[in-house]
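Have a look at this one.
The chains carry the letters A, B and C, assigned in the order they are written, with residues numbered from 1 in each.
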Amino acid sequence: MSFDFALIATSLPKILQGLGLTLNLLVVSTLLGLLLAVGILLMRLSQHAWLVWPAKAYIYFFRGTPLLVQLFIIYYGLPQFGLLRHSFLWPLLREPYWCSVIALALNTAAYVSEILRGGVLGVDKGLIEAGKALGLTKFQRASRITTPLAVRLALPAYSNEIVSMLKSTALASTVTLMEMTGVARTIVADTFAPYEIFIAATIIYLVLVWFIQTAFTLIEGYANRHVRKG
Amino acid sequence: MTGIVDLEQVNKFYGDYHALRNVDLSVAKGEKVVVCGPSGSGKSTMIRCINRLEEHDSGRIVVDGKELTDDESKIESVRREVGMVFQAFNLFPHMTVLQNLTLAPRLVHKKPRGEAEEAAMKYLTRVRIHDQANKYPSQLSGGQQQRVAIARALCMNPEVMLFDEPTSALDPEMISEVLDVMTDLAREGMTMICVTHEMGFARSVADRIVFMDNGEIIETSTPADFFAAPKTERARTFLGQILAH
Amino acid sequence: MSLLDGWWDDFFFGLLTVLQVFAVALAIAVALGLLGASAKLSNSRLLRALAQVYTVVFRGAPELLVLLLFYFGMALTLTWFVQLFDPSVKFIDLPPFWAGSIAIGLIVGAYMTETFRGAFLGVDRGHIEAARALSLNPYQVFWYVRVPQMWRLALPNFGNHMLSIMKDTALISIIGLEEILFVAKMANSVVHRPFLLYVTVAMIYLAMTTVITLVVGQLEVRANRHLRGTR
C-alpha cells in the first residue's frame, strides 16, 4: 500500500470546487435557522402554555432525532403527498439544495434557541432588578440589559454550533449535492484512493473550523471588552 | 531550635516574586501562635509550607523531628500529624458530614467504619454539631461548616493544628461559635498556629503573636506587649487599621 | 400502520444493530476520552501534542467524512495487509459494523476527552488540598475526592455525547449497515411510503434519545443530591 502525498495536493483544488456550495449551505441555513430560533425562543419564554408547548415539542423532536433522518423525511418523504406536489412549495421541495437548507435550518434552530435561552437565563437577576429599580420599561430592560448580556453569554456555545453546522453540511452529499464531501466521494469512486482524498477534504474542513473559531474569538473579545482587565 | 515545628531561614518564590524571606519560627509543643499581618504578606504561604501544600525553595522546615523534603512518605507522615482548617472550609461536597469526618481515618489509619464513626461523633459533639451528622455540607451554615472542618481535622488526632483565617469567610454572627471551639481546643493543650485577625481571640489565647509584612516576620511578641507597645511602625499602622474596624 | 406489516421484525433487528453500535462506540469513546484527557493533563509535551491533534481533527472533521475514511480506508489497509500473506486475496471488506462503531467512537472520544479534562480541572482545588492536608495519598485523593466530583461535573456533557452517539448511528446506513434507516430504505423500495417510513425511523430514534435523556437526568439527580442545600 502506498500513500500518495502528491495526490493530496492535486485533489485539493478539485475538492475546493465544492467549497462554494458548502459555504452557501452553511451561511443560508445558519441565517434562516437563527431567525427561526429567535421565534422559537420567544415562544419558549412566553407565559402562554399554548406557545410554550409547541416550542418545546419542536425542540424535543429536532434535537432527539438524527439530522440525516430529518433530511430524508423532507427530501424523500414529503413528495409522497400529492397536495405538496401541487403547492407553491414544490419548486423548493423538488430541489436537493433547498431540502438540505430547510433540514439544516430547522435542525439548527432547535439548538440555537436553547443556546439563546441559556444565555437569557444566565443573565444576573440582580441586573434586571437594577433595571426595574431605575424605572426601565419591560421592553427597555429586554433590549438594553437582557439581550446584550444574553448574547455575550451565548457566543461561545453559538460558535460551537456554527462549527457543528459546517460539519452537518456534509450530509447534503447524501441527497446528491456536490459540496466538498460530495466531490470527495466522487473522486474516491474514480481513483479509489480514500485516504488521500478524504484527508485532503478533512484538511479543508479543519481550516474552515479554524476560521470560524478565530472569528468568534475576535467577536467575543470585542463583545467582552468591558470586562477586560487593564 | 527544638520545637515541634521549626522553620529555619525559609525562603519561597513564586516565579520572581519573593513570597517568604528568611523566615525563622519555632513553635513549642502546646504553644499557641497567632500570625497576623496585612493581606499578601505571606501568612498563608508560610503555614501552607508547614504541611507542604506549598514547597519552600531554601531553608529547613522540621515537624516533629521530620524534615520536609521531596520524600513523599515523610510528607504524608507529617500531614498525619498536622491538621489544617481553611478559610473556605473545603468540606467535600459529595459526602455527608459523617463521611467527611471518617474518610481520612478509614483510608489513612485503616480504622474500621464503626470505630471511625464513633470517634467522629465524639468530635462532632465537641464542636457542638452532632445532630447534623447525616447532612451534606451545603445544608449547613458557614459557621457549622467550619466547625465540621475543625472536627474533620481533629479526627486524625493531630499534634499540631494550622488555621488559615478560619473566620474570614463567615458572617459576623457565626464568628464566635467557631472561635469558641478554637478556644476550647487551646485550653485542652493543642499546639496551634493560627492566621487570624481576630484580636480578641489572639489576646486571650495566644502565647505569642507573630507579625508578618512583605514575606518577612518583622515582630514576635507576647500579646500583652504586641497590643500595648508594638515595636515596629508597620505593626502599629496595621493594628490601627484592624482595631479601627 | 398495517402498511408496514411484515417490516416490523426488520425494524426490530435494525434497532438491535443500532443498540450494539451504540454500546461498542460508547465503550470506545469513554476509553479514548479517558486516555485523551490523561494525555492532555500529562507532563509530556509529546502526549499533550498528540492528544491535541486528535481532538482538533476529530472534532473538526465532518462525521460522515470520518466514517467514509474509515470504511474505505480500513478496507484498503486490511486488503493490503492480508495480501502480504496470501497474494491470491482480491479484496477484504471491513464489516460496516466495525468501521462505523470505531469511527463514531473515535469522533465522540475526542469530545469526551475535553469533557473529562474539564471535569478534572473543574474540581475545586481547595477540596484537593483539604484531602492532602488530611494525608490522603495521591491515589486516595484521586478516587475518593476527585472522581466523585468529576462524575458530577462531567455528567451533563456525557449525556449529550451519548445522544450524539445514538444519533450518529444513523450515518452507518450510508455504508450499508442494516440498521433502521437502512431498513426504511429497503422497505420503501417495496411499499413506496417514504414519509411514513422515515417518520417511523425518527420516532424510534426519538424513543431511544428520550430513554437516554431520562436515565442521565436520574443520574444527575443522584449525583447532585448533596447540593439540595437549605441555605
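What we mean here is this: contacts are C-beta pairs under 8 Å (C-beta built on N, C-alpha and C of every residue); 3 or more make two chains touch, one makes a residue touch a chain.
Listed by chain with UniProt protein names: A = ABC transporter permease; C = ABC transporter permease subunit.
What you are looking at is a predicted structure, and each value in this text was computed from that prediction instead of being measured.
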Chains touching both chain A (ABC transporter permease) and chain B, listed by label: C
Central chain of the complex, centres being mean CA coordinates: C
Contact-richer chain pair [B-C vs A-C]: A-C
Inter-centroid spacing, chain B versus chain A (ABC transporter permease) (mean Cα positions, whole Å): 54
Rounded Å distance, chain B centre to chain C centre (Cα mean): 47
Inter-chain centre distance, chain A (ABC transporter permease) versus chain C - centres from mean C-alpha coordinates, in Å: 21
Junction residues of chain C, two or more chains touched: none
Complex interface listing, chain C residues touching chain B: 124, 126-127, 129-137, 140, 144-145, 148-149, 152, 223, 225-231
Of chain A (ABC transporter permease), residues touching chain C in the complex: 1, 60-61, 63-70, 72-73, 76-81, 163, 166-171, 173-174, 181, 184-185, 188, 192, 194-195, 198-199, 201-202, 205-206, 209-210
Sites on chain C touched by chain A (ABC transporter permease) in the complex: 56-57, 59-66, 68-69, 72-73, 76-77, 80, 163, 167-171, 173-174, 181, 184, 188, 192-199, 201-202, 205-206, 209-210, 213
Residues of chain B touching chain C in the complex: 51, 53, 72, 76-77, 79-80, 82-84, 86, 88, 90-96, 103-104, 107-108, 136-141, 149, 152-153, 156
